[in-house]
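Across the two complexes that follow, subunit A remains constant while its partner is subunit B and subsequently subunit C.
Take a look at the complex of A and B:
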């Protein structure tokens, strides 16, 4: 039943797709974590307006489906960039998806980072202030390094979820791993085989990654 | 780049019967809620069974449930949906397969497929919550039940599960909200739920910004309403003295 007529011939294409998936993943993880950290700092800030804005951002993006964001941004990002820069340059589905993932995942990363910062005892901050450090120095040199160490497993877990979610770019036609597998299946008339193959590949990667994270979690406990 | 804003677009006729575009959002939302609620029933029943299996002293039951959780959590939802939609029907007995493919409408077929897919997907998450809830209870609870001579099944039914469920209301709430959000993948197998209807509106009117804004706001509003409602429920059902164990 699970017979592939020419799996060998499909492998280069599938690998190209996997490269797109991984590229999207890495860029979205980095962008999401940076934006997420800034959001977490905003939420914890003493400035009421900033805290409220950070909170609203996180609540908003956590309340809507990722697929909705992807579909919307596919239209909106080129238009907005066009308005801002005044040019009419097409930017492509990959960039729109990257912006969508970064902004969406930032809301989830922000919650993890916020919990991580709040878990650092108040005395650490007070001690840093007592030494004459500024807010920026306190965060950068004292609080964040400890917080990130504590939350690394959670951040990685979230990134594994993001890895799986990248398959949603199928909806706007980006040729990621899943979309390539799906197309190969359609062309060869072996759709079922290719869908199952894709599922198996995602499973092996996510499963091994989450086992690694669990192992790491045990070793990294402060 | 020129964009023609028109927020009145939702009250214009669609050209299909006497409908206005707003009707599409309403029917889409109903479909989203229908599929989410049906899937939630499956998720809750199966998830509870699996969660109990995970907490049992026996190794075999616990391993089976663990394997289920690993499988359903490590394959992307979209891939799972396509497996249910494109692969499983051919593996079913002929009469069932024909019924799915020919006897019922494509929409009913998609509805059933998405319900099963989301239900089984979410069951893996519910399982973990139920297990956490049971394990959060003091060991004395089950010991006391057993000491009274209750069989293990009754210890679960009368002692452990009622308390565990009250503890895990907050995480279960967010799983239910997740089902609503996750049901948007159904738009990719042509189920006319909220996202699919929004996209159709985009295709028909070319008022993309308005359509996506309203579609997103509906998801947002539903989420907010349910969240406040569940917070209220949670407060009423709080187990006195146990609150620190649950939820957060």
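Take a look at the complex of A and C:
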């Protein structure tokens, strides 16, 4: 049953797909963490409007399905960018998906970072303030470095989930690893084999990464 | 140097400070004592604006702390503070702890900041630990580093918020020794502490607080000789009994 007529010939295509997946993942993780950190700071702000806006964003994106965000952004992002820049240039499914992942994941990263910041004692902030640091310096130099150290395992775990979720770009036709595997299977009439193969690859990568995080967690708590 | 006038503070309905007034002159050492919950830590945190207050005025070197127009970070960079739980930055080495604010706040060069930091580290007797992280030091050692870190900013005054309360008994003296030396050099100091031995040795004045009020504000000899308030007498007899 697990017979591939021309696996060798499919490998370059699959590798191209994996590169798209990884590119999407890395960019979305970086963008999501930056936006997530800003959202966390907004939620913890003394400014009530800023805190409410941050809270609304996080609650909203955590309450809707990712697939919906991806499809919606596929139509909305080109319109919005066109409207803002005044041009009518097509931006492509990859970019719209990247924006969707970044904004969606930011809501989850924000909650992790918020918990991380809250785990740093008030005394650390007071010590930084007492030395004459501004709010920005206190966060950047004292609180966030400690918070990220504490939160690294959780942030990585969330990124592993994102790695699996990138396969949803299939819905808008981005040729990521899963979509390439699916197409190869369709063309050769070996759909089951290719889907099983793709599943095995996702499993091996996610499982190894997960073990690595566990190992890291143990080393960091000691 | 530090002037506190009619300061009151509330947490919601609860009044933590009631009409507190006192002064700390340049070169003076003032010890603030009193039972826990009496507001002494809150009062000292009001001096550099870590806590706000609703009524009254506090000025440090002529600058009003409560004025919204005051550049608080700038004022704080000129007033050193030492905390009960040391609050060294655990993700940085001792050297980095000493240099960070000098570089980022005062704009000193990295070399100058490290040089100054290491000199002060030597002064508190911990030069050999420069490359370590705070977690590798004992409580007493961490507190001495914290004092050096505050001194590295060339402060015009130092605030101590129960600097020895979190320490094992055998480590208290090594911290007090550094503070005594500092006092003898003429540093302006406001110290919240229960260490009456320290107060007797170097304090000019002793302030006794209870339930958010300054009950007694007297010269050291008067305070230990014949405290006027019954509350202070009872407090002293309790902590000096052993």
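Things to note:
The criterion applied here is as follows: the second predicted complex is superposed on the first by the 221 of 222 C-alpha atoms of A that agree within 3 Å, B and C clash if a C-alpha of one lies under 4 Å from a C-alpha of the other, contacts with A are read in each partner's own complex, and residues count from 1 in each chain.
Heads up, the rule we're going with is that a contact is a pair of C-beta atoms (placed from the backbone, for glycine too) under 8 Å apart; a residue touches a chain by one contact, two chains touch by 3 or more.
Since the model is a prediction, treat every value here as computed from it, not as a measurement.
Within the superposed three-chain model, A:83 lies in touch with subunit B and out of touch with subunit C [touch as defined at top]. Of the two partner chains, neither subunit B nor subunit C is touched by A:177. Legend: residue contacts after superposition of the two complexes on their common chain; A:104 is shown touching neither subunit B nor subunit C. The wider contact with subunit A, measured as residues touched, comes from B rather than the other of subunit B and subunit C.
Once the two complexes are laid over each other on the shared chain, residue contacts for A:68 go to subunit B alone; subunit C is not touched. Look at A:145: by the touch rule set out above, it reaches subunit C but stays clear of subunit B. Touch criterion met: A:127 reaches subunit C, while subunit B stays clear of it. In the superposed pair of complexes, A:196 makes contact with subunit B only, with no contact to subunit C. Across the two superposed structures, the residue set of subunit A contacted by subunit B and also by subunit C is empty. Against subunit C, the residues of subunit A that register as touching in their complex are 121, 123-124, 126-134, 137, 141-142, 145-146, 149. Only residues 1, 3, 70-71, 73-80, 82-83, 86-87, 90, 177, 181-185, 187-188, 195, 198-199, 202, 208-209, 212, 215-216, 219-220, 223-224 of subunit B touch subunit A when the two sit together in their complex.
Residues of subunit A that touch subunit B in their complex: 60, 63-68, 71-72, 75-76, 79, 82-83, 88, 164-165, 167-168, 170-171, 178, 182, 191-192, 195-196, 198-199, 202-203, 206-207, 210. Across the interface of their complex, subunit A is touched by residues 45, 48, 50, 73-74, 76-81, 83, 85, 87-91, 100-101, 104-106, 149-150, 153 of subunit C.
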